[in-house]
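Shared chain: chain A. Partners: chain B in the first complex, chain C in the second.
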Partner chain A sequence: MNNILKLDNINKSFRKKKVLKNISCTFDGGIYGLLGPNGAGKTTLMRCIVSLYKHESGNLTYNDKKIEDIKGCGNMVGYLPQKFGLFKELTVNEILKYFCSIKGIPYEAENDEINRCLQLVNLEEHKNVKCKKLSGGMIRRLGIAQAILGAPQIIIFDEPTTGLDPEERLRFKLLLKNLSRDTIIIISTHIVEDVEAVCDKILIMNDGTIIEALTTGDIKKTASGKVYEVPYDEIKNINGNHFIEKQYEKNNGIYCRVLSSEPQTFPALEPIVEDGYLCRIKNI
Partner chain B sequence: MPHKKHIKKQFHKLSIQLKCIQHAYIFPIVITWFVLPLLIVLLYNKYGLSQTLPGLITYSYSIRLYQMFSPFLSIWCPLIYSGESIEGDGHELLYINKKIKAGIFMLHFMLYCVVLAVPFIVLSFINSNMLLEYLRVVIECFFYCGACYTVVYLLRSIPLTFMLVIAYTLFATYSNNGAKNFLCYCDSNPISKDILLHSYLPLALTGILLWIIGVLINSNTERLC
Partner chain C sequence: MKTLKIDIKHAFIRFFKNENLIYMYILSILAIVARFLKLMKRISGSDEFDVYVMPLVTCLEMVKYLFVFFLFLTFEYLYMLKSASLEETVGGISNGIRRYENGSLSVCIIGAFVYWVIIALLNTSGGIFLGNKDMAYIIQSSFTLFVFVFGNLLLASFLAWVTSKYFGRIRSYFILTGMVLFSSFYFEEISALLFEMGVNIYPFQEIFAIMPTGLKFMPNFHNPFVVQPNQIVLIVAWIFGLYTLAKMHRNFEQKRSRLYWTSGLICIMAICIFCAPSSNILMNENPTGTLMESQMYYRNDTGSHEVDFDKFEAVSYKMEMTINNQLKNSVEIEVTPCNLECYAFTLYHGFKVKQVSDQNGKKLRFSQMEDALYIYNDDSADISLLNIYYKGGSSTYYSNALAIYLPGDFPYYPQPGIHDVYDRERYGYKSNFLEKDAYFEVNISGPGNIYSNLDNTQKGSYKGYCRGPVFLKGFLKKYDYRDVSVTYPYLNKEFSDETIKKWIDNLKDGLGVSCPNKIFFAPNLNQRMMIHKGEDYIIAPYMFDPEQYTDERME
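Now for the complex of A and B:
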């Protein structure tokens, strides 16, 4: 089945501030990571896709039909916002029933659909627990459940792993793998490791534009020969444009992982996705 | 039967909303059905029911009590519920598909009209003018609903809206303008068709106008996300 979301020269401003600048990209079935620093425009882009924001110019099409022309387009999109904690006084089941009615899921199919989603996020045992009694991680999982209700063709997760412990993060990644491969899944985050293992393609956003759209392997390659392990005391000896990623202890010494645009005499390291991402963001 | 399905869905949503505000929905019912009638019974005990001056005092105090409390009580549930769609974490989800919340206010308003009808039906056994009095209070409630629907999404603050409503209720109750200025809607005089047309029809029209303004403002859901 055709499942193509196309963004063509999308622009969006808030007052005089231009937040999205000529965004163009195409999504077909698969998992996409949207990486970028805070204020890059990731959330605004996602809100444009779910029709919460109206883009000023350009075309946003789904299977060659303009999103704004599709009746009830919100029902084909599942969206998890950055913060989710609605209806604290309701039980998990009641909240999901409310979202079923918003999404236009037939009344008779509600229970089966709710059970399916709760099973996917491992919340079946808490079906009748009030939202206010759930932990932060459970509320996040409830948010994920409401996003996948009704098996939407496009699922958008905005910072999905915020507040999840390592075990729950792993479960989230497994859940993504279990979702249909025909579904377009877009995950926005600034935590590189969240998207590294699961995404087919990573889009790097900065200052309202998509500066790169590559596979994880290609992103790693962009940092090839630019990652060095430098003893802390010798940081001052690095020449040229560089960026200190992190500092760590090793063999009773303190070392830094440094990105440098110019060749260095220090030992080179195998690049990871985070290195490639930072190289693009920091122009290294 | 798409209409039947739609109505069923709306009532399903309404029941969830009432659950959301916990036991707060009991407050308007308790005041309308028990507290205000109790005060009226006390007034009747003191002044009686005659057509003479003491009886008229009972009548005017009774209708004044309902005029004072009912508009405020009519917006109690939708205002509390609006907290979710204005301040709740992830409230933007409620605006996907450009869903504006006018229907919720209207549904709560209609529900309160039903609640309000009960004491007026009882009072109609004592005084024949109660149908018109009921209409007067319903118009006042409608005006409040229209105004609150506009103001709450404009200010995006429930406490601030409640404060404004209380201030306006006090102003309308104690300004003693009677029917001279329709915005000071509180009037202790017995209602007549003439007063209803000259003083309360403009109030109803203002309510409709505010409602339309609210729908127009809130159709831009982008502002609310």
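Now for the complex of A and C:
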């Protein structure tokens, strides 16, 4: 049976501030990228899915059963929060054993499961190393390992690549590819490149709502004909509503990558996911 | 249960792997043992009168240091999840935080229990080493230590738990330090200082009176440093209150369990019991309690209730007493004559009358004004028996589950006629006996041996004629010699069968005086030097000079 996680009109407020507004979407097996600027409500939405926060109204169902009615629902979700630390005095093995115990993994299966996860994150050689001796990237990988312990049906990563070097980021992307295709993986990030290569679908959030849920290809298409390469000196000649995405050096000149809703005389560029994302966020 | 075991195992791993915590804990135990051994070396072979209770005094002194130490130690331990930035990760797992807290708190509880076991063992072995093998004392001193060591350390860890949930490290340290100061003896002294300046903060101070009191006083061998019922209730209220407060804070909106509501209810009940009147030995410097309480009360008392009423006589008393944190008495008094309009009694104002009825169960109107009780015979009926139900206590003449000190000349039972209870000039209670002997039949429910001038027919039952029944309970022992029954506090090294023998020989042979055949040597800490002399008994706090017996000062 396929895994289906369904969010139906989810609302959440903190005092008078409404953080999630009628969020509705359906996740089935695959990798989802949750993109949005800071304060868009990504972390709150993830915390609602993990049951850290109780949503005020709406339904959150997994395979047509309300999440809160499923006994041990927390254990079918693997979660790596933005802020992840460790008991520094414990070894990698000890801390993972602790997570195994609270996740309800049988004692006799603990060692195999730990070895499997450590292998996936390339930390098997550090199994007996104290956590205080691990680098920032290793701690993050260990965080990923604890999230995938017990092969949960839903895995949620909040800013998973923060603190990882390029090689480790690549490894993380490979790891995602190696996880079961039936698993629902949701990655929240504002680094578009991280989701571009691995995500089947991208959800763009802004101001507490999901404003778009498209495949990477479709997102790119939304920016089609809206991306231009403009020499820095000619920025002032751009017509209408536009957004300067970045500036860079090319052929001894300085150029800008500009998004514009109106046709320009400058050379058009092939859009990437980031262009599509920014077009939606900036209403271009 | 299985999951709890696993959680405790992991909590122990976290504790033992943290070198700072484990070394501090072991060092604190070594420090306790070293301090105790030093004391034993100093007092072994000593003839000092308080030598038997010195191990207990030392153990109780350790409580305040342990409390401070444990407060911060458990805070650091329970704060680990936050300081390790693991709160959200663990919270994201079903019951993750609850299981983390269960495991960690279990370790704290086990840690507090280990302290108690070590200290109770030190106290017991120290007592046995010094020659005190009394089982009742061992049990009660171990219980006292259980309340103060285990109870207070449990309270400390729960307070640490609450602060670790609600606040960051700096704010928590402020709160924990505040708790240390408020529960310390210094705060008691500040309260005394402010009281002299006209500011009474004692009601506030009493909320924090969780530490053993009276350590600065001379040991009361009748009842040395036992924990008072009110203090047990206070510690229970704190523990359950803190538990409720901890559960009130919902980490990531966890559901509130049934335990939350139950603990809240227990806390409220404990607070109600704490606020209700009780009879304790108050060994602190609170001027509103014990010695000063009477002075302050009678300073304001008008004393204007001395009105001439028809005289009557109480022929017999049948009393059913229950003594817990206060005294409850259902007394049946046979009175003569039977047709008075009003029966006026003297009953200490601390005892509040709830109901009065006649021999037929018919309720009678009554009023209580200070130490006077008036019962009205509105129908001018023949009244042969008066049933009076009252409860309460006196702080000077205490009566609680652990200790009783009720002399016969104190109106803790209704005495016919109206008379002054307190001597305003001499700042002490007057001796008020019945005018004639009355027959008493008393049943007292509660554990432990009670000593009386009445005949003890069976456990808890006392009968006989007297002008005022005496009831004493505590660490006392009875010794009969030459028709004199002497009850004495065996924890005072000055008292023994031999010294009592010599004392009686000296009294009877040396001085040739006849004395009452019941002598009680029992110190009352709340009114230390008072001697009570009745026709058939004497209660004295010390072994007085037999020559003094005929002295006026004994009157």
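Keep in mind that, in the parts below, the second predicted complex is superposed on the first by the 284 of 284 C-alpha atoms of A that agree within 3 Å, B and C clash if a C-alpha of one lies under 4 Å from a C-alpha of the other, contacts with A are read in each partner's own complex, and residues count from 1 in each chain.
Note that a contact is a pair of C-beta atoms (placed from the backbone, for glycine too) under 8 Å apart; a residue touches a chain by one contact, two chains touch by 3 or more.
Since we're looking at a predicted model, the values are computed, not measured.
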item	value
Partners on chain A (chain B, chain C) - clash or fit	clash
Touched partner set for A:54, first chain B, second chain C, both or neither	both
Which superposed partner A:143 touches (first chain B, second chain C, both, neither)	both
Contacts of A:171 with chain B and chain C, given as first, second, both or neither	neither
Partner chain in contact with A:87 - chain B first, chain C second, else both or neither	both
Chain B versus chain C as contact partner of A:102, first or second or both or neither	both
Intersection of the chain A residues that touch chain B with those that touch chain C	47, 50-54, 72-75, 77, 79, 81, 83-87, 89-90, 94, 97-99, 101-102, 143, 146
Complex contacts: residues of chain A adjacent to chain C	47, 50-54, 72-75, 77, 79-81, 83-90, 94, 97-99, 101-103, 143, 146
Residues on chain B engaged by chain A in the complex (per definition of touch)	5, 8-9, 12-13, 16, 19-22, 84, 88-99, 221-222, 225
Touching residues on chain C, where the partner in the complex is chain A	6-7, 10, 13-14, 17-19, 80, 84-86, 88-96, 99-100, 252-253
Complex interface listing, chain A residues touching chain B	47, 50-54, 72-75, 77, 79, 81, 83-87, 89-90, 94, 97-99, 101-102, 107, 143, 146
